[in-house]
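Have a look at this one.
The letters A, B, C and D name the chains in turn, as written, and every chain counts its residues from 1.
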Amino acid sequence: MAEAQETVVLKGHIIDSLILAKVLDTILMMGGTFDLRDVSIGKTRQEPSLARILVRASSSQLLTDILRAVQPHGAAVERETDCHYEPAPTDGVFPEDFYATTHLPTQVRLEGRWLDVERIEMDLGIVVDPKAGRVRAAPMGDVRRGELVVCGRSGVRVSPLQRPQEHDVFSFMESQVSAERPHGHIIADVASRMKILRDRSRQGLPDSHVLLAGGPAIIHAGGREALTWLIEAGFIQVLFCGNALAAHDMEADLYGTSLGYGLSAGRAVPHGHEHHLRTINRIRAIGGIATAVERGVIKQGIMAACVRQGVQIVMAGTIRDDGPLPGVITDSIRAQAAMRAAIPGVGLALLVASTLHSVATGNLLPAMVPTVCVDVNPAVPTKLADRGSFQAVGLVMDAASFLRELARILGAVL
Amino acid sequence: MAEAQETVVLKGHIIDSLILAKVLDTILMMGGTFDLRDVSIGKTRQEPSLARILVRASSSQLLTDILRAVQPHGAAVERETDCHYEPAPTDGVFPEDFYATTHLPTQVRLEGRWLDVERIEMDLGIVVDPKAGRVRAAPMGDVRRGELVVCGRSGVRVSPLQRPQEHDVFSFMESQVSAERPHGHIIADVASRMKILRDRSRQGLPDSHVLLAGGPAIIHAGGREALTWLIEAGFIQVLFCGNALAAHDMEADLYGTSLGYGLSAGRAVPHGHEHHLRTINRIRAIGGIATAVERGVIKQGIMAACVRQGVQIVMAGTIRDDGPLPGVITDSIRAQAAMRAAIPGVGLALLVASTLHSVATGNLLPAMVPTVCVDVNPAVPTKLADRGSFQAVGLVMDAASFLRELARILGAVL
Amino acid sequence: MAEAQETVVLKGHIIDSLILAKVLDTILMMGGTFDLRDVSIGKTRQEPSLARILVRASSSQLLTDILRAVQPHGAAVERETDCHYEPAPTDGVFPEDFYATTHLPTQVRLEGRWLDVERIEMDLGIVVDPKAGRVRAAPMGDVRRGELVVCGRSGVRVSPLQRPQEHDVFSFMESQVSAERPHGHIIADVASRMKILRDRSRQGLPDSHVLLAGGPAIIHAGGREALTWLIEAGFIQVLFCGNALAAHDMEADLYGTSLGYGLSAGRAVPHGHEHHLRTINRIRAIGGIATAVERGVIKQGIMAACVRQGVQIVMAGTIRDDGPLPGVITDSIRAQAAMRAAIPGVGLALLVASTLHSVATGNLLPAMVPTVCVDVNPAVPTKLADRGSFQAVGLVMDAASFLRELARILGAVL
Amino acid sequence: MAEAQETVVLKGHIIDSLILAKVLDTILMMGGTFDLRDVSIGKTRQEPSLARILVRASSSQLLTDILRAVQPHGAAVERETDCHYEPAPTDGVFPEDFYATTHLPTQVRLEGRWLDVERIEMDLGIVVDPKAGRVRAAPMGDVRRGELVVCGRSGVRVSPLQRPQEHDVFSFMESQVSAERPHGHIIADVASRMKILRDRSRQGLPDSHVLLAGGPAIIHAGGREALTWLIEAGFIQVLFCGNALAAHDMEADLYGTSLGYGLSAGRAVPHGHEHHLRTINRIRAIGGIATAVERGVIKQGIMAACVRQGVQIVMAGTIRDDGPLPGVITDSIRAQAAMRAAIPGVGLALLVASTLHSVATGNLLPAMVPTVCVDVNPAVPTKLADRGSFQAVGLVMDAASFLRELARILGAVL
């Protein structure tokens, strides 16, 4: 088989961001070889670097695979051509050779101009509107027959993330995922961000929302009071959760239990799962959570705080659900769309004690949104922190301890 | 506050099944006291025992709570009265005081006769049809306005599970949840059951189906070949999974990768997530998994084996899904209903490497269905094994090792 | 093979303590059968119960195995005979058929009198001194040639634990091992005990010491300040730890880091392990921890507080150790003996974030000492809580969060 | 405070090994800045690269800290001077400013000549013998008063590890630590290495030994048969373990149980811990493991195979131990020394199901020894894989499944 080769270009802070190293490692790992051509390295931190890399592979198929693999790091094939696009063959189906997005800032070249891809998110396609001169990332299920979808890899440019300016926990390469590292100062850095974002949010500035995606362990483990405080104090603008978090929160208000554990007594009330069901049944009878809060049936807690503070809630259903509560979006594709619609404006994401919500939210977030993932099971923060960005931090600790510490730093008396 | 008291009766193998002990412990734990009246203990293993317990509590509310808590163990209030029922106030809402089910065999007393509750499952209500003389467990969302729903606790009888006859791993009180216990013989016991059930299934005998509910880690960790073999050899009749398992399985067939990990090379193919998306897109273009198998696009693997063997598949959607594949039920309530409909006939359930599917399936299974839960994270089998039945066994090991060992015992050459 | 049988007697609160149930289950599980004879059940909580059980087995070997298995629950063979003893054949070796202890209160019958076994602990032998009329549990390695060691099972009586009087978390059968249960009130119960024990300790009352056995994750995760406070406030009397905890604590004092993590800055100081080594080297140069504290080299922290408060420290060495620090007992058998010597007087044991120290300490504790095991990895508390006693409670959370919460409840301002 | 600066030089495959990137990241992370001077990058994979970096810091203390932090990556201060050394002030104590080693290949400059440091290992000091012209790494406890110990950082050169030549799992930057990755091919790569090493070992070639450090879970989980096979087939030359592994292995031979779990029956034999104690007592009476094997008391299993194959065994004691068995080194410093003495010659290390032995062994291994760490708890392989070398691979799976798969690939019929 004939050897194939192609020259790719890398620009930016490619040395201290590990980008050049990762590109070269990827080429070798996949069985290719390279020559480094014309490397010019910025002499100071401010000056960007540039590297021109000749990639060689034993077949053109392997070359294609390698180019696809290095592109997410920003390695663009040198020839600048327009992107290629084809119409979607039918509703909900991309053309065969569609370009699949990363979560990094992306541009496509259309009639000689590089256009930013709007609403970037990983694992979508790119729909172009040549007349309007606009391009947007779109989920497979959303594409309509005849919409023009970018295919192949030419004319697509991915920008590696720059190291953030702030000198806090989000600005370092190493993701912090260990039960054996000091949590205190990571939480303090998160709290600092949240103070700044609350100020920005109150001034109506962009990207100032704090999103919390959480699971019911927040309630079980004793974090309800702290999360309620954070919402009431204006630190959270968006809540992603499921039926269980909402139901346990309101169960705690109505019965003082969470899945049968008496929260004030700390004792299991056997078969207390009944309270959970009765809570859901009661809210269904009332017709909605907001109504239940307005009528004074639900007096306090996370849901009550969200309703009063105007926090945007997306509740997504799962096959584990009892009920579910009114307001739970039982269709997963519709729920995903609702989550997606709530992402723009988010400047910090806290993913707490829920594998499902953490991973689903992580998939929707652009790479530049700082993200903290908290779970007592190290597998979840490891999975999230492995997103290839500076800005994902993992904490191995229980949800309640995290939220209580965070709220205390921000001024709560708990 | 006036002290309240009530006499409850326990019957059956209440001594060696721990039932009496648990009832007494529950009474004390909740703050009540008891006197044991007329305990007659079966002198041999075959003879049932009987205990009459006077329960005392400091208030009638506490007494009610205690009676509710001991009822799942089969402790019935002595006075035999008919059950009380009320009409559902509106669609999807139970009457305020509805009786919430356990997963144990349950009867209700209607006009002096004890009737078995059909389709028992935990955390449902009981709908009675006095004219037809039938009673069934029903999910909250399914009840229609005016249907008659059992309320309160009188006239409801729960039977404690008897220790099974077989002398295998399912017949002991202690659930095996530890990474430090020998797995070999547990898996051998499971294999024996599966051989017997396959024979029974081929003869069309009842309760002979084997259900496997599994997550995508089955593919990632290298269990695809073994599960395919088990299906092809006729050992599995029902498969519960999500979009990811099916997509990874077919990705492995089309591209030889799973989420970008080359299954034959054992190497990460960077950004191989593309294969995952292309697989889903391709099946969407074809229109369905069965069609893809029939047309020879998908040649082998789990999905191909299921299609060829007529295995019943329920694929439930989540907010993590890409695509999803045609056939995935994106609405969680509809997916739950489809799972529920597939449960009757199941004589053994294998819950493998999926917290979501394991817990959701566990919720739907009656207590008498032997259940094995396998996960490398001990939290999942612990949660499942904690179902209060003899028949739930947890194994802390990776999915691939479990399936490969199981298949080897059953005759596969892997 | 001839069937064998024997009658055993169970006395005490055998119904509500699950003891009868466990004995019967054990008999069946091991392949024996039983008849229940003369069961008289206490009609009230105060009155003890009594059961006489005829155990049958297919061989006398199996019968022996079963009797050995049920004895730890207090099931004594009916014939009351003196215990049988034989001389140890050589130093450090028990006679072939030595009786192996449980951690439950145990008596042996010597010349018609039942004598309490002193210093009971699991997995030891029992040495009798017929002249002095005394019996004590002894580790295998401690026995001297010719000492008289109890053999066989007759004349040995094990008392099942009674449910404790207090109505707190330690008084229930179910051990609390889950990340999804509310921690707050368990910690509050522990704090209450610690207050009472501090008062008792100040009055010189017996069994009033609090033992903390902990690992270095206490420092890494940010619990140093809280543990220091607990010691300074007089809540801890005995500390079991290893070289690492002590070294990290003093490293934090000397350098402000723990294994290279800047505790105040929350940043990794690369290769900060050097500080760890320099700390150990410095203390070795000074000659001892107490000297370092007295000279003002070590100013504050856990070790300084222990030295000032007169807390008894046992530091045990492992093959992971650097150095080690002066005072570390590098011989594991000598370290075990030092730990054993510190156990009498302990009324509460906190086992925090160390598998090795938690399990080793758990092995040394009599069953009646209330024990809390805290670890972010559920395997450790599960192992400990599985000791077959009411009094072991497991908490799945990180060490720092536990200690901080505990200290706050007890009055610390952190 | 005056700004300080220093020029450091990096040489080798510093681009594709991430080394340059890590050095620059470290400088920035610690608060320094840099200018890149004279970067010459090898144009092909074979050609080494060179970078001269001007490091600036706000104080000379910070500069010192930064230089210390980047040195483990091979960044040497440009001025070539001899190393500085001072006499140890007393036995077991290094001079105050001693140089602490990494596990990377290290040289020191003595009278103008660069000498290799013998027996390199992390976290030791370096003892020089100027007369003999030799330098060796030495544990703190081993140094004798007056021995000359390298101090400061000048004249010390650390070589970054080169990417290995083989194209197997050990040659990539990313450490494989996940339960969700395919294990099959990682194990196959390990098996290939083991075949090659057995051949080399039979020819008496250097660095051909395979070391297995393992915990008792190997026995509990059912891996005894497989490990025995591997030893008998000549694939293992060195075994590090504790009292428990050896005792459980011989218990399985004598009683067919492991900690009371009947290995052939798969059932718990209650209080089977007795067998464990009796096994230890019996071997103590006999006087040693080798004697027990020779006399035919111990017939088969891991210990028997080791004795027959002449495998070198180091058994280290801990405070958890019963007994212990004859041959267990109860002093942790002596045990560490015995392990250290067995390391030279090791060409592959398998660390299986033991946090203590895995971490302790990991500390002793030079960076160039390929290492596989297997544990069902992801924390352990994560800790080991985090050693900053290409050659550490983590597998999240149970010990038995790993060993059985490995043995099958190597030809065992299990």
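To be clear about the criterion, a residue touches a chain if its C-beta (ideal position, glycine included) is under 8 Å from a C-beta of that chain, and two chains touch if they have at least 3 such contacts.
Labels paired with UniProt names: A, B, C, D = ornithine cyclodeaminase.
Because the structure is predicted, anything quoted here is derived from the model rather than measured.
Looking at subunit A (ornithine cyclodeaminase) and subunit D (ornithine cyclodeaminase), the chains in contact with each of them are B, C. When the C-beta contacts at A-C and at C-D are tallied, the pair with the greater total is C-D. Distance between Cα centroids is largest for the pairing of subunit C (ornithine cyclodeaminase) with A.
Checking A-C, B-C or A-D against B-D, more than half of the residue-numbered contact pairs recur only at A-C. Distance between subunit B (ornithine cyclodeaminase) and subunit C (ornithine cyclodeaminase), defined via averaged C-alpha coordinates, is recorded as 37 Å.
Taking each chain's centre as the mean of its C-alpha atoms, subunit C (ornithine cyclodeaminase) lies 32 Å from subunit D (ornithine cyclodeaminase). Our note on geometry: subunit A (ornithine cyclodeaminase) versus subunit C (ornithine cyclodeaminase), Cα centroid distance of 45 Å, whole angstroms. Of all residues in subunit B (ornithine cyclodeaminase), those touching 2 or more other chains are 29, 172, 179, 267-268, 377, 379, listed in ascending order. Residues 169, 172, 174, 179-186, 188-189, 216-217, 220-222, 258-259, 261, 263-268, 376-377, 396-398, 400-401, 404-405 of subunit A (ornithine cyclodeaminase) are the ones touching subunit C (ornithine cyclodeaminase) in the complex. Of all the residues in subunit A (ornithine cyclodeaminase), the ones that touch subunit B (ornithine cyclodeaminase) in their complex are 26, 29-30, 65, 68-72, 89-90, 92-94, 96, 98, 100, 102, 122-123, 140-141, 267-271, 273-274, 276-278, 280-282, 284-285, 316-324, 330-336, 339, 355-357, 359-360, 363, 377, 379.
Interface residues of subunit C (ornithine cyclodeaminase), counted against subunit B (ornithine cyclodeaminase) in their complex, comprise 15-18, 20-22, 24-25, 28-29, 33-37, 39, 41-45, 163, 167, 172-173, 177-179, 378-379, 382.
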